[in-house]
Amino acid sequence: MSRYPLAELTNLPPDIRDKILEIQEKSGFIPNVFLALARRPAEWRAFFAYHDALMLREGSSLTKGEREMIVTTTSSANHCLYCVVAHGALLRIYEKKPLVADQVATNYRKADISERQRAMLDFAMKVCLHSEQVNDADFEALHAHGFDDEDIWDIGAITAFFGLSNRVANFSGMQPNAEFYLLGRVPKPAKS
Amino acid sequence: MSRYPLAELTNLPPDIRDKILEIQEKSGFIPNVFLALARRPAEWRAFFAYHDALMLREGSSLTKGEREMIVTTTSSANHCLYCVVAHGALLRIYEKKPLVADQVATNYRKADISERQRAMLDFAMKVCLHSEQVNDADFEALHAHGFDDEDIWDIGAITAFFGLSNRVANFSGMQPNAEFYLLGRVPKPAKS
Amino acid sequence: MSRYPLAELTNLPPDIRDKILEIQEKSGFIPNVFLALARRPAEWRAFFAYHDALMLREGSSLTKGEREMIVTTTSSANHCLYCVVAHGALLRIYEKKPLVADQVATNYRKADISERQRAMLDFAMKVCLHSEQVNDADFEALHAHGFDDEDIWDIGAITAFFGLSNRVANFSGMQPNAEFYLLGRVPKPAKS
Amino acid sequence: MSRYPLAELTNLPPDIRDKILEIQEKSGFIPNVFLALARRPAEWRAFFAYHDALMLREGSSLTKGEREMIVTTTSSANHCLYCVVAHGALLRIYEKKPLVADQVATNYRKADISERQRAMLDFAMKVCLHSEQVNDADFEALHAHGFDDEDIWDIGAITAFFGLSNRVANFSGMQPNAEFYLLGRVPKPAKS
Amino acid sequence: MSRYPLAELTNLPPDIRDKILEIQEKSGFIPNVFLALARRPAEWRAFFAYHDALMLREGSSLTKGEREMIVTTTSSANHCLYCVVAHGALLRIYEKKPLVADQVATNYRKADISERQRAMLDFAMKVCLHSEQVNDADFEALHAHGFDDEDIWDIGAITAFFGLSNRVANFSGMQPNAEFYLLGRVPKPAKS
Amino acid sequence: MSRYPLAELTNLPPDIRDKILEIQEKSGFIPNVFLALARRPAEWRAFFAYHDALMLREGSSLTKGEREMIVTTTSSANHCLYCVVAHGALLRIYEKKPLVADQVATNYRKADISERQRAMLDFAMKVCLHSEQVNDADFEALHAHGFDDEDIWDIGAITAFFGLSNRVANFSGMQPNAEFYLLGRVPKPAKS
């Protein structure tokens, strides 16, 4: 289905290969995005640097689960299969809510989330679909839920970054790994 | 108008400050995007690394003017004032066509460009607005104009990257420098 | 979340209660739609009679899995959480494909389905979103894939019926049972 | 124009034939929907049972005219010729307002109806076009006009049911009987 | 309902009053558009000069009925009650088809008109809704039905002119005279 | 690019030729719209009579610059290259603001204009895109900014008239003169 071949690990620059092996070690598999983008090392490095700057940023008042919630919701609006499935898995895991990813992907307005989170997603969806209409009232609505301007930057920039990711995945035919579909849906077996 | 203050050069990390001073040296002014994003150095570095990987890539069959044409056209669809004005200026300069930026920004279908460029923009606009509908026929249409799959990646990825840029500029209220509006519209005075 | 209380089994007319108990026996739980609609017995009876006439019709060349594929795809376009989750589960089970429901719900154009099924969903989506534009060319495209006019009626009528169901679920705030989310995602344990 | 032949009365199951003859007796002609759907008796029975459950329900605070007003307005949004013409006729007759059907079909916001009816149609149109966005404020707006939750169910369910009807009529090419176009436009001659 | 008062005949400039009296003589009533626009005599004169240049142009291959068909169809897309009702009446009268106005207003694709007329309306609707997308293929499609470039100008300019008319009627709250609703629906009584 | 030939001055009726020569005298060139429409003298006369009635009307509280602002903004929404470029030039000149035309053409919400002007453009855009939804609240919002009902008529009618102009320019392929692109962008040299 993918329109571009996945990169072979052995052919990659060492810094990229090492990072990918580290991910594989941690996750148990290599998410396709790492191999799909690696055919262009300079873009790969910028993409993941940007990703980490937003999704791993310390000091943000958004939890990791909330960031994945933004990704899952807006990626569904962009009809990006890769991101809905892969980031939906992360959302379930971080939030420990096995149902929430399907809920926000279908209709975040009816999802089992807090009012604060719904306001966060209202803004993310506006940036995703009609960013030219963002206005002061949108900022005030978020301030009323306790978000400050740095949080708003996070919400907007995460939405914008995954708008990039969604479009690349869509035109290139990127497919999510089968492993993602089930992650976070069933409780991990207790360690014995 | 901007919702976030521009960074002060003196407070920036040296690598960022040096790059900005280099730009200022070359352009005669500092485009606002450099100061608007610098408040978050990690994002700044990733953003410009991504930008350069796409816009300065050697070996692409897209001219620099064509890449700016993609940016100007899709940024207008996203109603991003910063990118339409700043990249419209670059488009005029690279293509040496003082009218083309206003043409593609208003309606690329009527612009004074080649059929090949129009096909390039048809694809860029589909990635911009309906990327989930991209299909094999779109690739075939571009192949028929001599674009190969690497060129198509360039068109799609440039569109996707500026989709990110447009959204950040829109929610943060980034304004283009006044200098950009006139660049490339009047012939440079001959050197004496 | 539901805006209308679910009916109590004990208060229902015997024919409705018996049918619901039969479902519970078979499924292990009572899907919420049965209790959500039962507050209006005449509508309940008509709804399920219509449902069964379409979804259980013998002699159709559409498999049960394909009918659920139509439901899942068009219900996602209508942003109906109940139907995407409940009928996505049935789709996974009937087709024995644990990934297909998430695929068609996000972007049926990229799903792992046959060309014939994609043509079926193209028509279903047109009936769902722009039924006034259905024309002879749409019928010819389906004939070319071996669908006859009775099959086309099935595709169109299933789409239309769930368009009703989606709207009722959406305005009334109907929630899918938690059980549905996981059904068909993991292989049933072999019977010992 | 119809893509499927109308059923012949003589070939129909007795219960359906009797009902149709009764309608013919009362109306002076057989509305095409009865013969168009009769080719599938089980769907016919469910369709008219559902129709009657909603449109003839006793105890509703919506008048018959108001229910037809919902049908005419939303069917126009769905561009369904059959329902606009046939139910527009019933609307004129029940409301004794020969102009109102053309008004609500073109733009209900400017129709000569009460504020309460306009609020009813605002909700119907939202269920028709964007049911996933229905929220508590919509219910409050209707409560303020004296509608209770059962009335809201009526408005929503009638809209949803005719959304089904509109789509079936559209894909199958159902045509309204010529008689409907003029009904209710001219005063009945006084009986002598 | 109208937001601006209708002009009083006695206060109007003589050329306008005379023209209106002539219309009244001929039609039996004064269509509201004549009094609604007369508050601004210069605009009134230009409006009706433009109207007559297009709708009464001699030498056009479009019949008067076809011109009214364009008006009725596109005015319905613009949800303009005045033009749908008033020009729908003229359409019925000129074409001697009492059903055709309601058909094209609801869905011209299913109306009882010729293939040539449907092609004419396809173009009119494109000019009405997406004029920036008009391209050479649209002209070729019309040429194939025997329309020449002057006919295409007529179709496009009539659509454009009533796009103006629809917007003025909509923002000013112009209402059609009750007489229009019934015109052309019933055969004129034979003169004795 | 134009699909219809421009008229030759020598072949035109004297009144039209004289008016055009007068424009040429004043502007230094003949704007293409005068020659593009002159092939149909009756339409030409009505078009410019209407134009002058609205754009030169004395007693309006809208400045000439504000009227051109309405034209530039709504013509951009209609993707009309001729009007964006030609009226953008007039806007820059009348307002003595070399940047404002590009701003309102891309996103009037972020343009450097007054709150009153933004309210004016909100209404113009509603008339341009969704005139059927204009309601009393829109009038109240304008009254709050000091616009009276005559001003509102001006805003609405100018928008409506250029909606006509945009559509004619789009379907006929009208091109702006190259001179317009630069007008008003650079200060006039001081007279010596």
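All chains are identified by letter, namely A, B, C, D, E and F, in their written order; residue positions are counted from 1 within each chain.
In the analysis below, a contact is a pair of C-beta atoms (placed from the backbone, for glycine too) under 8 Å apart; a residue touches a chain by one contact, two chains touch by 3 or more.
This is a predicted model, so every value here is computed, not measured.
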Given that subunit C is a copy of subunit E, what angle of rotation, in degrees and a multiple of 5, matches their CA positions?
120
In terms of CA centroid distance, which chain is the most far removed from subunit F?
C
For subunit A versus subunit F, what separation do you get between their C-alpha means, in angstrom?
45
When the C-alpha atoms of subunit A and subunit E are each averaged to a single point, how far apart are the two points in Å?
52
Mind checking the centre-to-centre distance between subunit B and subunit F? Centres are C-alpha means, answer in whole Å.
29
Considering subunit B alone, which of its residues make contact with at least two other chains?
79-80, 107, 110, 132, 170
Write out the stretch or stretches of subunit C touching subunit E in their complex.
132-133, 135
Mind pulling up the subunit A residues that touch subunit D in the complex?
107, 109-110
Which residues of subunit B touch subunit F once you look at their complex with the stated criterion?
1, 76, 79-81, 84-85, 98-99, 102-103, 105-107, 110, 112, 170, 173, 175, 178, 181-182, 185-186
Residues of subunit D that touch subunit C when the two form their complex
3-4, 40, 42-43, 45-47, 49-50, 52-54, 57, 78-80, 127-128, 131-132, 134, 139, 149, 152-153, 156-157, 159-161, 163-168, 170-172
